[in-house]
């Protein structure tokens, strides 16, 4: 009964089985020279409907900053939201992986980084001015850290603007599966077809033990990747155990099936909570993450009923962050809603609650 | 029938079972806030007979350079053998993790870096001279990349010299288990009791899927570790899956049992090969790795018989690198020896073969 | 007739003479082992009324980031204004000199970074949270990039808050002389007595060819400085030529005399401009820099009259940045004011002009 | 009477006069937007008989590592002699400026890094092996740190080998003038015509206060230079004072005239010393630097006679490093020789003295 994060889950049965199966071979050549790893290129190329370069890593941060290191010179900057994972939750990983490039925090509009804001930021950051960090990339998170889903059109407009200024477009897809499931689109529609150049394709939060893939849509751009991964200590000698996870994860649409379940559980949760008058949802979630405001007493009561989730605030109001996952049970969702309802005053608060995001 | 490296193996059954077991819990708090990870400190403190700080990571390179990053300022240097993994096989990982510190390659004597050579190197590298990289650490590999085992006395003398000049002593213990098993000593005897400050405690090569532990013997020195691991992208959200491996690995002496088997297989292999007149062993191995010279035709014949191993050289002689592992079967060892014997000329070569190390 | 910046000036006669004099000795030992450099410690210690460590460098950026490198671990952050030189005008120098630490841009209130804003920023940046950049320093510019002067009390309150959280307090004093002259205080009053730990003591803009001093008030903190300066390529072999400039600059109060003149010229300029109804001053300047709004046509007319200054804006209004220097002539100031007055409509604009800062 | 280094000298009269002259203009636009700096491109293009990009900096280390930063990715290495300035005298500058690339020390043959040694080193450093630092550049010092002069042919053969493997060829020309003067060649002959891609063109040791030029022969390669120089803090706001030095230095062949004098003084010195039986010269110098062995008592006696030079060794023999400069007086050279002769035993030592280089 944990709604704190989708990373509190374990691995999906199919993924766990694949790992055990990969371990049944007595030997495999190391560092990716094994059949499972070698097979990923074809699998991901099919998935994305074009030839791509794909590299397994074990964490989302590694995927993000290895990807960004392909795009950022030491004097370059990457635009991102101030609430993004790369800006706020990876300490100084971008700086470390690029030899000193800079993530530049933008405010966004309603939680998203869209083309007009990017255009403004580029203008303010003085391309070609030798005193200024040079805009070199833009990174968005799909679904965003607030749970919002970028539409293909939003991405395309952002990427078009980025490419006009020779910026590389990076997507942190820690919850990419939830976005594709929410939009009902093809993976290509919100990546290369919309102008995304490099994708962190997340697996960990949606059913893997710890496996992500860096997908580079223009293979030439990835020429230095293996050196970069090695110096970062992210080349697994027994890489087949990462690849086995990814292989099973994308096999027969498992990844989307898992994400659809997570999204469905969030809808069920949100629908339930939306009917409680003293709960305010940040937005009506299409994917598997939402922020909500609720009376502090209600947050405590839900917790007391056995449900774990992050929440913070003042004596009167709290903001909570709720995440569902591939393994969330409908009964747990219903239990959460029931606990909230039981603690409700039954009345709408007079003033709209302040939304207090913080992770 | 793979003698190329111990990293071609899979995971030991006990380790695999522990991973499956860890996955049976529906939820666990992320980033190390789980019982398995929290339990490691006590387990490793018992193992090392003193209170230690211990941090799981997934690769040996990560363990090495995160450990070294605790010791090296940006203007500092770490002495190591020119054949060491940190110098020759991690691209520029040390530089990356330290903000630009330098691994300084030394030649060593008979494959080892001992106190006299260190003393000489320190003298030549001009401590306190503001034009020179400042000696800040020394790193040795136990067992070495050539398969040699440092004795407690050798380590103690090296560390004493190092500490006299305020150098931190780091040990790359990718095959630490094989060293402890070979020496029949206690883990403490070749680490902190001999003066080692930071240890990369290897698990991957000896039965884990991918799990190593950075062990810091003076806990105060580790104060910044978690920030450093996070910025490196080496903090697993589902860290329990690393910790489960390490937990099973050190449980009831499994790690030493596995290593003892690997060492025994190497002894069996070396004993067999030593009796073949046109094979020359680099040294009589106590642990699980050795280099050998043999006629090129013999190397090819062994390979043809189905045995994989690294070898290189000229038309007449080849040098091979042979590694046994926790899972090596006696029958395979015997098969290897038999294939070599079958290809032998039965005569000792007139001139001693040149030893050609290269990995 | 240049009001674009104080860095368009040459060197003051006394400084130029000192350089020529230093060149009359046929030889001097290099890298700072000369009498002029050795004498700086005593001179600056007298100037600051306590024993300080002082290091000559040639540029303000070098002074800033070498100073910051003493305070910032690779996982640390330095709070600064988003308009500060270290954030906006040094590309990624802070990142480069620290191995990847991060300057964190804050908005400030009325152009200053004061204690309450710092307190809020520290809270938001989650000290001890291992996912977050760790607050390690705060940097203010005295006088600020907008020309504002921090009072001793403002600095003391900021530093007190910083020290409560173990943040190092850095001051970019590119125009430190103008601040001391404006406040009529002692150099100590706005540095160590108010809690400043590290100062970039500027000389270039106020009469040197190219000379700044990094002043570290707690000498122990500077232990690694010489290694850091050397690896940055900022250790001059003929360092006496930097030291000669600094020596002459602080001799018999020359630096303050020069700054008082620059400030007086700015007062004369501001008093003149303040009487022109369609000019709006950002603030009534106490030092030597101010921003002004004026009709675009007026900006062009002043320029046509032979006065150089930075200005930008739209078709109707422009914002200009005006800087006076040690060598500004009163006649030039009067000429500027006269040119502005001649282009004035004589009427106050109906709506207050928007202030548009940008450098 | 200082033979310790050419960096103990001051500035040549013509250079000093140029600086004073540059200061007579009341204003100049900063950061290189001044006529003197703008004029350098044409001057250096004439000097090198092709269009080049040229950038003033103030120190040799800055010139070296800014130049190298154009050639080295974060996973790359630069081959150099273990005695080179970039390896032994710049702390970790190369690492810092490149985001972690590595200088790889080679032994050289008779003090030089020639094509065969480079070829061997490339082979050993495993290009395209993703575990290895990738060879990306080679750097030689002309004249070398031992005072040796690379011939055009030696450079051409080295560069040809380097380019075959796509290595960039860098030349540390801290004493480039002495080399050109010694060879009597054109600057182009030992740079781009022989295959050099990037040159640190030294001025400081040969008559400037502190001025070097980074010369990039393929202008396209220099596209990012200004951003790199700015983030390094090596962009002078009053850059005309660097450019004035360089302008005067290359004007009417002054630089070569100064170097010819220094070389002539060294010949005079070497000729004198060569006739003293218990002095052994490392080589018969063509440029302005040489190492010599002498009895320890002789070294002390010379010093007592008022001559400063670096020397070290044991109780019996010392090795000295002697450097002449543009300002060395013949009388001082003769005095040095006389002092040595006066302390000579008049006999050749029985065994050849061991050559003990160290700086």
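By letter and in written order, the chains are A, B, C and D; residue numbering begins at 1 in each of them.
Methods note: contacts are C-beta pairs under 8 Å (C-beta built on N, C-alpha and C of every residue); 3 or more make two chains touch, one makes a residue touch a chain.
Predicted, not measured: the structure shown is a model, and the values here were computed from it.
Student: Counting hops between chains that touch, how far apart are chain B and chain D?
Tutor: So the least number of steps between the two chains is 1.
Student: Computing the C-alpha centre of each chain, which chain sits at the greatest distance from chain C?
Tutor: It is B.
Student: Report, in whole Å, the distance between the mean C-alpha point of chain A and the mean C-alpha point of chain C.
Tutor: Centre separation, chain A to chain C: 42 Å.
Student: In whole angstrom, how far does the Cα centroid of chain C sit from the Cα centroid of chain D?
Tutor: Taking the mean C-alpha position of each chain, the two centres sit 35 Å apart.
Student: For chain A and chain D, let me know how many angstrom lie between their CA-based centres, rounded off.
Tutor: 52
Student: Check each residue of chain C and list the ones that touch at least two other chains.
Tutor: Within chain C, the residues that touch at least two other chains are 74-75, 90-92, 95-96, 99-100, 130-131, 134, 227, 230-231, 235.
Student: Spell out the residues on chain C that touch chain D in their complex, using ranges where they run on.
Tutor: For chain C paired with chain D, touching residues are 1-2, 4-5, 7-11, 16, 19-20, 22-30, 57-66, 90-93, 95-97, 204-205, 209-210, 227, 230-238, 241-242, 308, 327.
Student: Note which residues of chain D are touching chain A in the complex, please.
Tutor: Within the complex, chain D contacts chain A at residues 31, 69, 73-75, 98-100, 130-131, 134, 224, 226-231, 235.
Student: Write out the stretch or stretches of chain A touching chain C in their complex.
Tutor: 74-77, 88-92, 95-96, 99-102, 105, 124, 130-134, 358
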